[in-house]
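The letters A, B, C and D name the chains in turn, as written, and every chain counts its residues from 1.
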Amino acid sequence: MNIGFLGLGNMGGPMAQNLLKAGRSVLAFDLSAEAMATIEKAGGELASDPTELAKRELDIVFTMLPAAQHVRSVYLGENGLLAHGSPNTLFVDCSTIDPHTARDVAAQAQDKGITLIDAPVSGGTKGATEGTLTFMVGGPEEGFNKAKQALADMGKNIVHCGDTGNGQVAKVANNMLLAISMIGVAEAMNLGVALGMDAKTLAGIINTSSGRCWSSDTNNPYPGALEGVPASRGYTGGFGSALMLKDMGLAMEAAHQVEQPVILGAIAKQMYQQLCNLGHDKLDFSAIMKLYQQD
Amino acid sequence: MNIGFLGLGNMGGPMAQNLLKAGRSVLAFDLSAEAMATIEKAGGELASDPTELAKRELDIVFTMLPAAQHVRSVYLGENGLLAHGSPNTLFVDCSTIDPHTARDVAAQAQDKGITLIDAPVSGGTKGATEGTLTFMVGGPEEGFNKAKQALADMGKNIVHCGDTGNGQVAKVANNMLLAISMIGVAEAMNLGVALGMDAKTLAGIINTSSGRCWSSDTNNPYPGALEGVPASRGYTGGFGSALMLKDMGLAMEAAHQVEQPVILGAIAKQMYQQLCNLGHDKLDFSAIMKLYQQD
Amino acid sequence: MNIGFLGLGNMGGPMAQNLLKAGRSVLAFDLSAEAMATIEKAGGELASDPTELAKRELDIVFTMLPAAQHVRSVYLGENGLLAHGSPNTLFVDCSTIDPHTARDVAAQAQDKGITLIDAPVSGGTKGATEGTLTFMVGGPEEGFNKAKQALADMGKNIVHCGDTGNGQVAKVANNMLLAISMIGVAEAMNLGVALGMDAKTLAGIINTSSGRCWSSDTNNPYPGALEGVPASRGYTGGFGSALMLKDMGLAMEAAHQVEQPVILGAIAKQMYQQLCNLGHDKLDFSAIMKLYQQD
Amino acid sequence: MNIGFLGLGNMGGPMAQNLLKAGRSVLAFDLSAEAMATIEKAGGELASDPTELAKRELDIVFTMLPAAQHVRSVYLGENGLLAHGSPNTLFVDCSTIDPHTARDVAAQAQDKGITLIDAPVSGGTKGATEGTLTFMVGGPEEGFNKAKQALADMGKNIVHCGDTGNGQVAKVANNMLLAISMIGVAEAMNLGVALGMDAKTLAGIINTSSGRCWSSDTNNPYPGALEGVPASRGYTGGFGSALMLKDMGLAMEAAHQVEQPVILGAIAKQMYQQLCNLGHDKLDFSAIMKLYQQD
């Protein structure tokens, strides 16, 4: 199976390397010469430009880009992937973007007989490096089936979420809930400790009660409540606050488009904006705890 | 072990019956003649007034009352339990009240050499009837140990949360987080479905992702997302919205006393007020979904 | 002074008529044949397409369009106003759009030597009909001065807000504050009346105290607090909730672009979404009162 | 007219002095020897204890106390004002407390034939010193009329808000709205300036538009937008954030008692808690601006 990979950043770089480790042949492209050198060293072939990725009639081309505008330009631009791509190639966009754009670009692909599926990831750079990402895939069954094996080289949880765009929907919905529950845990822990409880004891009770959630039992934001989590090492590592803010922006945009209220979601977004503006954009998003302990 | 039980309402009645079923001798009191008749039929002895419960030098006296003012009056009143109680009796208050009152009343008990521990419950009337309640216990180790067996007759999860008042702290912190995460799930499910996903599929993905929480995987508020939950039967049964509103009132009061911000908690409380004012106070609190689907 | 007018909807139609009433010669265009017929009857000349408006070298061309996408397409499209416009013509966009788009389009105009200023309005259809609109103008001094007279034919308050885009900034900031204070008044009035005060008395006190604001003294949302306002006639007339929701969308987008938190603004937006979803999108935005009195 | 004054703190002290300046004879009491010395120097007579204030059958006794618990204890305690007071004396409580307590204490006064009216103030220590306070009075017409002259010695705006407790209702409703609109102005100003507008220009436009409010045109929180306001001198002077937080606590309590939602009010309260926890409790409440400009 011949694979193309466009976008070798913090996430895409390690993902492409995992494909190589799994024995795939990979034709890669990135604007950064450094990223290109790294992938070549790892055994990858280098494309001279994105167009080459499209023209080669590879089995699958993965794209991993920062935002919707890049996806639009890479796929829909004059020398873009759709202009030169073949119906024999499956395109898989792993970028996290709004569902509306994902569906729009996929529809334009379909007009040319090309299948483009969306497969945003969760798991962060750690998951990308270790090959333990979760892929949330939206698109037709046969596209999902064709991509499955290669996705499994890069992640361990490959979920088919339904039609085109649903990968993005699942991610945006999950992450909005995640942002809210993280703030909820921060408030509950802060309140409980202020009222006299030990943080570890409180976390232990919550984690076996109806308040239990990933933000409490796996990434508890209160320093010392859990071992080995960002909160216990100055909030380093993990999923950056700036990325959470980006995802919340996508959630708000999506909610606006379908005219649905997201009350706690809206406040959560503003709080991550506050956190980033305090200079904590690179810390794990559990650093939202800092808004409750500023003195 | 001779046990006293004061307060035979929706929760206290079934709890006292479970003590009887476990073979305990129970001296009971309630202002409702009907509740008294029921407990007598189940094998309980009836006290003529609360004072009798205090004077008999029982091993343990449980109290289960609606609010802090009742706890104050029952324990601290002129003919209250502390005025006539013995240091040989362990008092266990299962009411859900604010930590401040719990600690204040326990301190006044201690002044008379009497041990009073707080042991609020979660699990609702279903848990009370089936003997599967969770007890969150605050108070000295020896009090906890003395109460443990009898509590185990009424519940299956008996947690020592630390010193006096910490049972209330654990409950208030857990339930505030629960209220927030329930609204978070309602928003995420509503948004995801509006964006085109199937509710069951979305719940399935969230439940294996970082958004997972009790409100999503055990009591999902979106009709049809899970089987056998309140949302799938018109929000009947479960934990009433009015009770959640009461607990949120306690959370706000506690946060005010220790001067800590609870931003999402504060909004969550207002939303449960809205829900109750719409006439849904008796529905399970997952009915918060209705605020997102009002048309 | 020869004037062009593009966009003869609820707002643009009456505005163009006021120019005619003031003795201006107006060349007008709209896609609606009915709107065209009305303006012709009022003495206007009809253009055959937007291009004609650009080619005629008029002194000023006003545009009044529903959203940013229309502004982009009308100005930047292949046959758009900038492609055929002359540096001798001043373009004045009265649409309410995001500052970013306003500045972007104006910059592209400037590249062709054309001056485009932004002049969004407040005052609603009533103000448009009666010629009492407020214009918030962003752009160079000489553009403002050239437009001033004609704007005065359509409004009574013509404010220069500074450079290009600042008209939009002023409007978005003012309206976000308006949305917040309207909800604040609704909450304060509802609370005060629930606590036993007469609505008129309460409004009277607030209006001479530190809570006073336009939403309280000019458009009080509590039925009966003021005479002759939407709240006293079933919330008909006034500034529609859907328009407020649209403006709040612009505010959120603008805040996102400049990375600033808008906490109450974000919730206010969601509440207007709720109000619209309840079917009240055509009522005056003071109908937000309904969220507090739903039973 | 013989007047008694209980509570000579930051507010009560200057108020009692203004009564003396107006030629009234004042019998005063406070626990602080320093406050007593000051009032004696100003011509006041000193009472040996609160009971003396009650026993003297004065025409009016004013009380100015920090919180509801003090009002309860001063009026209802064993040696309290009601135990020894005469029906010939009108009692006027100027403390800011919750309406529920105000009504409860007044009802207990009435049971003894004593009239107690509530007359909380706004205007801060500056208004107290300069005699320009606003009094919001709740109670029977004849009580209001009897107090009017003496109140006019201490303030310039004496408003009858209706029956007992309504003075507190008016204050709590007004101040909740004030807290909300202040945050609204902070957000609007911060957003507008971030989008490129000059603060003074923006404030000028808002102040003549639908966003205008006291928080914008009289106490604008953006540094430099207005001259001579706290924001232009480091937020010193004015109405302290801790006092606003206290009033918001009363508002939340009152809303809870009458079971009404106060969504923006609830968040506003939390934000003032954040501000105080950052150490800004003594700054004017317009310092809420700091939450938007923390870096």
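Criterion: a residue touches a chain if its C-beta (ideal position, glycine included) is under 8 Å from a C-beta of that chain, and two chains touch if they have at least 3 such contacts.
Predicted model, so just to flag it, every value in this text is computed and none were measured.
Tell me which chain's centre, taken as the mean of its C-alpha atoms, is farthest from chain A.
The most distant chain relative to chain A turns out to be D.
Just curious, how far off is chain B from chain A if you go by their C-alpha centres, in Å?
Once rounded, the distance between the two centres reads 39 Å.
Indicate the whole-number Å distance between the mean C-alpha point of chain A and the mean C-alpha point of chain D.
The separation of the two C-alpha centroids amounts to 52 Å.
Can you pull out the residues of chain C that are in contact with at least two other chains?
Residues 259-263, 267, 271, 274, 277 of chain C each touch two or more of the other chains.
Does the chain-touch network form a line, ring, star, complete graph or other?
Topology of touching chains reads as complete, every chain touching all others.
What part of chain A is in contact with chain D in the complex they form?
267, 274, 277-279, 291, 294-295
Within their complex, state which residues of chain A touch chain B.
Touching chain B: residues 99, 122, 134, 136, 157, 159, 161-163, 165-166, 169-170, 172-178, 180-181, 183-185, 187-192, 194-198, 201-202, 205-206, 208-216, 218-219, 251, 254-255, 258-265, 267-268, 271, 292 of chain A.
Could you please specify the touching residues of chain C with respect to chain A in the complex?
By the definition above, chain C touches chain A via 249, 252, 256, 259-263, 266-267, 269-271, 273-274, 276-277.
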